[in-house]
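Heads up, the next two complexes both have chain A, just with different partners, chain B and then chain C.
Showing the complex of A and B:
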């Protein structure tokens, strides 16, 4: 909250640009964005915590505030297949899921980026079964990280709304045409109400051009076949096309944030891919995704009162991964601790997914910080100020001895 | 620089909208004074089950930075005000297995206030509220446990009456003017402002000393560590039941089903079944139909409710073929979960006299909190219409 985008100048505001404030949850904020973006086709299949979005969308439709094709599918797999096809024929689409629901859709999730479908989805992050649990864990969304999905984690309801609009603009850019998942921590974001500035339709219309599929439009006037069976003569080139599209996405994202500032006044341009907090003179920083930022920033402020030079870096976009930005940021520090709300059993150093990705990104640097990974907050367990203070103490110790050992710690597990 | 945290403890599903409306009202009123806030339900309570205690929270701070300390949490560490919108919740709340019994004033700060909607006196409520090691305040907003906001239930203004009272007991929260603005914007109803003001003016508050309250030690459990837990997401089964041993008669026999020791469930109860054993024909229907297997079969073939497992669903009373054998009685009229059968066997005259007194008290048997008989709501609406028509005439 403290490091939020600031309202820029009030220049060039017309009466139709007036935004209004509502007390809404992160899910409701995304539902608002979907309505403002005038999405054509939405599919739904209930699973907590994602289902709050479909409830709000259904409510808006029932109240006559929003018009779209709202299809309740018979499974998550069908849900994602339906919007994939709708998008192929030129419809702007929205969908989403959580936990094992997202996993049940997995086949559809793999073909969506391959076919260059600019679907925008919300993942209400939830622990994977078993055990059945509702709390936040990031392994559901992380499962698609290699497939061509753009993945962004947000940490408050305002950012959820704003990011959903940015996601449409980026995904539907012909240079990109890749799906984008907005990842929201179950409970802390999906089920908590905050005061959110809801922009006007006129502002959104200026920001978001219509979705045009052009030569890829599946239509009788544009006779094409999509998704034919191929042999080894073709696959690698298709993969290379997606690789280039993902590389281009970074520039399109940056452009979208700049344009967003112009239209809506909220400025994310200094924190597009990563958001730094109290890092200017920091020696030790923690890095994490999603709402972990809240206890992290509170802890940073507390420890700074004791004179400790601590900071926090919030990683927003995991795909495309901000390699250069992270190198530039993290090389300055003596030690970096990555908090993972996920697990990757048997991985390098038995560490979390984000830890290993960030550490790999820093490998080519001549001067690298000491790096530790912290597995915390699994299954929605609260990550407390005490937990984060303990992480900082471990990092301080590694600075003293000049070595991060062990490389991975489980924090907050009952021994 | 300040943060005010408020919790609303309510009966799951029945009072979900009521609790949500109260918490939203708090944050919306605070926004009128440029404070920042968040309103949220305790995530673990959902999906809510009928009558099971649940919580909603509102946290209001002067700055976003201050508020941040209360975010990404399931519940605040401590609260300035606890609001119980059902007086039977004063006995404590247990939402899930392993939670233990949490006193209704558990999160209350020193000199904080417990606000209860009740038609009872503070002294009566304090018989069931657990003792606190420091002083706090007890405030009462008069009224029954409200279902306002649930499906067709009419808006009885409980939400704004609580908000009005809240401003009186928590003057630093917001001005009445701000609350008025928020009420008009959110509900567009002048009458609700009047209700809030009346409640603001009439709420009664009393100091509670550490010596006051129930001595009961709330049950709690220590959760095992990962090395002690079974692997493969497996949990040990509940062992089989055993013979019933009666303290009063010394007899052993019958059958006492085993129950989950980590989840007692009775905090979900607003009414309990009271059995007049002399009327029982031992037909077994209560025992067969109880969804929680909480009837113990006594050595002489009676059926005794295990009150630590009984959620007060009233199915036993509904299926009992004998008129007046099982009667549902409001929890407020009981101080413990002791066995009815043992009390009856120990002293039949005293037991029957005590039970009969309760059964004959219309306040004790009124289905007012969780469960109602079919058609009751329509009857209430009709009665109310008649009453208001009469007053006009």
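Showing the complex of A and C:
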């Protein structure tokens, strides 16, 4: 084998042949996963910060390390439509966007889950224009939360790579057949480097079965009509099928994490939907999604040194929403503060999206924690240790007076 | 002719193409129907005839993508689809993207050995709204990807006929539609001239090997155009003019006659651009070569209720614009400008 490779004048092994460790960004980690998953069709359109993933993909293709159809579309709408149709004929696909680019594709994002297309997309979370801002805000990905997209926020490059593989396995499971967006905080994750274990192709092949559409395949051998006019006669039944698919997704995700541990050795089984940090004896916890976990964990450690019983809960999957897991976890605390890197103007308590969702999930509990919402870090503004300490102090005050008032606070905003 | 980027890519494209088998007369038309019963198009609908001829010419090994419009809504009522071939809906502005995605998916799967390598036709259709308005950008993009075999067919019934006959950029000047009614203060609400779709696309997409106009009144010509488009390699485009009984307001029995009259008056020009060579077809060829005089446009306009409000000066304006198209354009009916020196002479 080695001799043969020598004759060909090539290295015996390309990096994907063996498991190895690399210093790479979140975007690059997802590009690795896409290549390892042998994706067939990828569409790109430039917008910061997600587009770095496509730059890595393009480089792999140019160097002959990855074989797929790579189309630079003329808009995000076409970008998502092209892969939607490629998926319908049985191709594994990858796509992505950020901010207003994601919003430009909105019509395509709407029909993708409705058509049961198991697309995997990367969202490099970015503030929506106007005014212009490159930094992270979660409103782009959150806009599709009611449509049947599975949404997961990750907080480091290793998790980004692993989650991309898990996303294909879950999305393409016939029990689910829904698209999945891997949400990565712009700059903080897309452009930050981590030491990442890149698995081997053999491991990925063991973990990820081929994508099969079977009776839903669009092919002359299976002449079906997809997405006819159903009107009020059938639309409710079809919506209900999507509802059931999303409900089944939770079990499929759990199974994927268990299998992932077997194949790759990394264990997410104790933190599949939510990840708790120093919560064992905690009285007050903060909850947030994505890279907010970094300053939050540092602050928790600092306040712990002062003897405060503080913890942090990271919400990973927003869809399907881990209602039971959150009820079980959060009912133990006196107060919970939800950090939203998003806004929802005119919403209940004028709070953020995650705050209102978590609060709604806890409503049936007999014993509920006091809940406050913190809107922070919009447009990529840094959420500092001081900001998080301030949130904890507000939560402590609410515990003292037995009431969270006001329910929503904007943190780190100039008056 | 442009050189291919790599030989392999072109070989890959060729390997999955149908061979061109021309239909030389009515007797050679295949009997099999792939667009059959189950549709709810209006009596006299020429667009549905286009669908039938299009997929009859293409054959069974075809995937059809249909963007939103009459030919989606009327043809695919749940449980009574009229399509025998596989068919999938795509969004209003997505005919180009749907064709490209389908072709790219098939190409990748065939190259990687995940499905059998064989010719599978990919046709995406759109109406005038989906093609010349919303979907123009995606169609333009698709026509630049020469390594995907696909056909985009724009069936043009000259309005958003599915939603209530609203004006589109392919509605003829002055036509009464629900968004351009004729009123007391404004006799003519729609004062834009129809876009020249194939001319624009042919001039702007220099590697597209086949573009054509078509009309259901010349069925054999249309079917051969579909077959050429599917066998030449790379992205191709056909634009058909389809009389619409509801939108144009005439007796359904005259659909074919009206389509033919559009050609005879020179309003609609039948041609094809094959391997970068322009060829006029049928009656249009006779007009272009001076063998057949053009009929006055008034003959065509007077037969349709949508022009009922026209007065003499409107007919005259319409006639003048059509005359210009034949007498002043660089390539009559195709390229709407002249070289400066020639224009000065005239």
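The rule we apply is simple: the second predicted complex is superposed on the first by the 397 of 415 C-alpha atoms of A that agree within 3 Å, B and C clash if a C-alpha of one lies under 4 Å from a C-alpha of the other, contacts with A are read in each partner's own complex, and residues count from 1 in each chain.
Just so we're on the same page, a residue touches a chain if its C-beta (ideal position, glycine included) is under 8 Å from a C-beta of that chain, and two chains touch if they have at least 3 such contacts.
Quick caveat, the model's predicted, so the values are computed rather than measured.
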item	value
Clash or fit (per the criteria above) of chain B with chain C on chain A	fit
Partner chain(s) touched by A:210 [first = chain B, second = chain C, both, neither]	second
Which superposed partner A:77 touches (first chain B, second chain C, both, neither)	second
Chain B versus chain C as contact partner of A:222, first or second or both or neither	second
Partner chain in contact with A:111 - chain B first, chain C second, else both or neither	second
Which superposed partner A:415 touches (first chain B, second chain C, both, neither)	first
Touching partner for A:130 - first (chain B), second (chain C), both, neither	first
Which of chain B and chain C A:297 touches, first, second, both or neither	first
Broader residue contact with chain A after superposition on the shared chain, chain B or chain C	C
Shortest span in Å between Cα atoms of chain B and of chain C, once chain A is used as the common reference	24
List of chain B residues in touch with chain A within their complex	24, 27-28, 31, 36-41, 43-44, 46-47, 64-65, 67-69, 71-74, 223-227, 233
Partner chain B, residues of chain A touching it in the complex	1-2, 4, 21, 23, 25, 48, 130-131, 134-135, 185-188, 191-195, 291-292, 294-295, 297-298, 301, 380, 382-383, 413-415
Residues on chain A engaged by chain C in the complex (per definition of touch)	38, 40-41, 67-69, 71, 73-75, 77-78, 81-91, 93, 107-108, 111, 210, 218-220, 222-231, 233-234
Complex contacts: residues of chain C adjacent to chain A	60-63, 65, 72-73, 76-79, 81, 83-91, 93-94, 96-102, 104-109, 111-112, 114-115, 120, 137-138, 140-141, 145
